[in-house]
Amino acid sequence: MSEMTFVQAINAGLRQELDRDPDVFMMGEDIAHYGGMFRVTEGLMETYGEKRILDTPISESGFVGMALGAALAGKRPVAEVMFIDFTLVAMDQFHNQIAKTHYMSGGRVKVPLTVITQGGGYKGAAAQHSQMLEALFLQVPGIKVVCPSNPADAKGLVAAAIRDDNPVLFIEHKQLLGVKGEVPDGEHVVPLGKANVVSLGTDISIFSYSYCVTLVQQALEGSGVSGEVIDLRTLNPLDWDAISASVKRTHRALIVHESHARCGVGVDLASQIQERLFDELDAPVTVCAAADVPIPFAKSLEDIVLPTPERIRAAIKKVVHG
Amino acid sequence: MPQAEDFYRQMVRLRAVENELTKLSQAGQLRGSLHLCQGQEAVPAGACAALRQDDYLTCTYRGHGYVLAKGLDLDLVIREILGKATGLCHGKGGKMHLFDQEFGLLGTNGIVGGGVGTAVGAALASWLDGKDQVAMTVFGDGTINQGHVNECFNMAALYKLPVIFLCENNLYAEMTPLERSHGNTDLCARVASFGIKTDKCDGNDPFLVYETVSRAVERARKSEGPTFIEALTYRTTGHYQADAGTAYRTAEEVAIWRDKSPIAKLEKVLGKAAEPIAAEEEERVALAVQSALKEPDPDLSAALTEVFA
Amino acid sequence: MSEMTFVQAINAGLRQELDRDPDVFMMGEDIAHYGGMFRVTEGLMETYGEKRILDTPISESGFVGMALGAALAGKRPVAEVMFIDFTLVAMDQFHNQIAKTHYMSGGRVKVPLTVITQGGGYKGAAAQHSQMLEALFLQVPGIKVVCPSNPADAKGLVAAAIRDDNPVLFIEHKQLLGVKGEVPDGEHVVPLGKANVVSLGTDISIFSYSYCVTLVQQALEGSGVSGEVIDLRTLNPLDWDAISASVKRTHRALIVHESHARCGVGVDLASQIQERLFDELDAPVTVCAAADVPIPFAKSLEDIVLPTPERIRAAIKKVVHG
Amino acid sequence: MPQAEDFYRQMVRLRAVENELTKLSQAGQLRGSLHLCQGQEAVPAGACAALRQDDYLTCTYRGHGYVLAKGLDLDLVIREILGKATGLCHGKGGKMHLFDQEFGLLGTNGIVGGGVGTAVGAALASWLDGKDQVAMTVFGDGTINQGHVNECFNMAALYKLPVIFLCENNLYAEMTPLERSHGNTDLCARVASFGIKTDKCDGNDPFLVYETVSRAVERARKSEGPTFIEALTYRTTGHYQADAGTAYRTAEEVAIWRDKSPIAKLEKVLGKAAEPIAAEEEERVALAVQSALKEPDPDLSAALTEVFA
């Protein structure tokens, strides 16, 4: 174990996979010579050369599409899109091309590619640089979605993403980038599709992921509520077993995430839980998410729009006490 | 170097496939849109002859000609177009979504320009690994106005990738002529500005297409970078089965191009040698269609699998 | 009243608005000289000239962005994107630009633009030409979404969309284009945000929109179930009053739509209904939607993936009889 | 025709704003990223002087110079940058999202190339209505590689729209130099290929920028179509507050360009006349910042409104 930041942990995971498999290579804006806007790829070009760590023009649609082609030609590309907000210029490549290729080919063709990106608010980055857009990647089937909440998972999940034979979107949160934690030395892989029980509890199951896991823990502190906190880690595939086991234990469920409520992960889980476990529920499944408005710039506004420990605590109370 | 007979065979096979599919479509036995390429057959025939089996290819909804010329199995392709369980992609893809890595086919595509990045990425893979495989991507004149394609032009030039951009300039994008969609109708000039070598040829002459693509392939194999090729051609039928192709073009214009049809031209060259080839291909294709029709539909259980590997 | 097809009804609605307001103009691929791939704009160029009905290159991101600019400069653009699948190449313009502009400007700037498009399956158009992507436009706030189910609504809703001072996405369904119905002559406007009670019933509330409304009616026929069928018509804003009133009457709810289940409209409604009306419910709210796989080409497969009267009837039975 | 004093005033105002914002940012009183344009001040000063108030403008995250030179109220802009309730956009937008229709400002933008379509669309509106308003959109050298922008080039040329594409070529896109992102670094050649007239100027000379943009504006007003202008310049600071701007450029290179700084150059021209102008602007800006800091934060109730009009 070594203490390192979230960013350093991803860097370690990338190195682990670059060392392991010569077909792994990376492409993105300012990732090579500069070492990445958020330092995720720091030093990689120096180790692996400027072809395997490739700087690209500001052409997300182009290079995400090229990642698909390289994957079909036998490589394991890892493309970085600097902010998840910028995936929108590449959406056709994600949804019409990458997500559908394996299925459309009748399973003949594999698409082992990873896109790492960074999202989230709380920093005054305003409407076009603060989004969490994971739900957009869940509505259209075919892309695995990973949202790590801590450095150890970040290392292990990025490795699993790269080893997976499918397209994986790996979403960092800007509030977590500098957060430190203990990370296993040596080979470390955290399987996709497995949730993590952060804490056991008896009053309520709280499902979350990414930075909100931290906020949920803050909300529970001193609340007097025994909350079972489940870090989903992977949103597609979902760890339904972990979800249903927890709900069957606590009979109350809250989903907390930072992206917008409408057609988001929260309503998705809430709907599935009530549809499959209706008789287990002692209270409506509740969603605590961003308000359905663009992310405002001013702090006073952003704090109202995004989940905060206070808002989460209020939601917990509502679910537990009705 | 392929001979007139070889090109003729490719082209009549393609024509036979289209004729059979048209019949099926009219009879309601074919689902989805059918984008014909009658009049354009020389481009796939000439271009694919310049490629190796392990070279990569992406093309469009109008891509079945390339797919066949690249060497894919006729029966598997026809069965896929008919949505059969034993089709190339088990009936899941359909004719706009054909894949076969064995022949370097990384996809036909339903999105204008959607497969261009795929081809450039395959060329990137070849470049990264120091291989001599090249990638070719085929698209139309109208596709140059799609942003994604422009991003790809730049990156191909920047990294000097072994990729060939083959543009079938058939003067129309669906029903819109070049002049009403391009601020500058000189397509080579548009693409040359990215730092890409350009070339041009009569797209109705398979020999010229073959030579032009061969030059580009040679450059690419020698790491001299990408080439954009404009092959001037014309589709003598409509954009797809529901378009007669007459509302936006004069009868004269279509007639002139029908006269330039590459199949008719090669028939003159080959004389009596043509007929048996045509008969053979027509029979072979008819057989493929007849036997494909008897193949089973995909089993319901297949619908929900293969989202992930 | 006149009988006309869905396409003719939209054409009539467009004419109504083009006549009414000289700032209304249209842009799109093959819409002017050819009259539109699906004939929605047939004859409009002849009446209004080739500037007001403007053919564009195959540049959806460009011309959807231009629609935003024209709207900010005082016009009321109506852009056609030929298939909803192609909105993906313009997603940055939809989500980062169009959807956020009014809010980001602090309400200073209005964005009166309409995008009309066409989606849906059942025709063997395969994975890239069969999607219903409305949920993607609901997750990111700022765009109104309209999905008419019949010719009269099509005319009235397209008119309302154009008159609205906000961005509106108007989604036709390919199975409805040729469907005939009675359409009011003369000025006809159907307000956005108002659901339509298609039939009253006592056993179950069935919420749907677009082509699925037809399928729901077919499913109910001869089923012996008294279904209350609510055509949502507008998905943003939602007519919550109509939804809750109906659930309070029947105590059972089913949502039927053609797009994928995950993070779709169905789970969104299901979650909201159970969260707000938990004690009213006699059964779990249920969603009948496309399976979470790309749309396959073969008919045998497409029929399994998409909702059919049979699948809907099974869902109804499950909700009503448990 | 603006005088040296006018340009100087614009530029020192902009510099003063940046200095004040940098102080705030370092003190943790400013949220979000701060993209400075030190060294580039002559482009906004020269370009906006060539526009009328009712001409349209879109620009980038590095757009505050244009916004001020276009005539927007300094206090409203500063308050918005500080996220105040009384700011231009009531604290909802922030500095990357400034809008003011009264001055034709249709948005600064956080997405590379994101506002180019907006400007071309405003030009379309002017063209449709036979008005003589023009639209200008400003972006950097790296932005030319974004697909959307290429689509817009073509449509501007196709319809001959009254739009000016003003490209600040500061030789870098974030930390990546031109040569490592462009297959062809001749930006004018890239854009000319769309059928757009191109022009080039020293972007560190406000007079030349003014003249060049004025020529383009005249063409646009006379319905002669779009112009692409490459203004060669350099940012002497980093890409944004967290970048020192030194990791990817030599100290010599930065020093050379610092010497070419337009403010320093005009100071030499103006001699003693410069100082009082600078003092005035600095005072005015300092005052604006001080008073803005005292403005109220947006009320919580505002957060959920104005999604729809």
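Order of writing sets the labels: A, B, C and D. Residues in every chain begin at 1.
Rule of thumb we're sticking to: a residue touches a chain if its C-beta (ideal position, glycine included) is under 8 Å from a C-beta of that chain, and two chains touch if they have at least 3 such contacts.
What you see is a predicted model; the values in this text were computed from it and never measured.
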item: Given chain A and chain B, the chains that contact each of them; value: C, D
item: Inter-chain centre distance, chain C versus chain D - centres from mean C-alpha coordinates, in Å; value: 39
item: Interchain centroid distance [CA atoms averaged], chain A/chain C, Å; value: 30
item: Where chain A and chain D are represented by their mean Cα positions, the distance between them in whole Å; value: 35
item: Length of the line joining the C-alpha centres of chain B and chain D, rounded to whole Å; value: 45
item: Where chain D touches two or more other chains at once, by residue number; value: 91-93, 97, 109-111, 114, 145-148, 151, 154-155, 158, 180-182, 307
item: Where chain A touches two or more other chains, by residue; value: 56-57, 59, 61-62, 85-86, 89, 92, 96, 100, 103-104, 126-128, 141-142, 292-294, 296
item: Chain contact topology (line, ring, star, complete or other); value: complete
item: Complex interface listing, chain C residues touching chain B; value: 29-30, 33-34, 37, 55-59, 61-62, 85-86, 89, 123-129, 291-294, 296-301, 304-305
item: For the chain B and chain A complex, residues of the former touching the latter; value: 56, 58, 87-93, 97, 99-101, 106-107, 109-111, 114-129, 133, 135, 147-148, 151-152, 154-155, 158-159, 305-309
item: Footprint of chain D on chain B - complex, ascending; value: 145-151, 153-158, 180-184, 189-196
item: Contact set on chain A toward chain C in their complex; value: 61, 85-86, 88-89, 91-92, 94-96, 99-100, 103-104, 126-128, 131, 133, 135-136, 138-142, 236, 259-260, 262-268, 270-272, 274-276, 278, 283-287, 292-294, 296
item: Complex interface listing, chain B residues touching chain C; value: 31-33, 83-85, 91-94, 96-97, 109-114, 142-143, 145-148, 173-176, 180-182, 247-248, 297-300, 302-304, 307
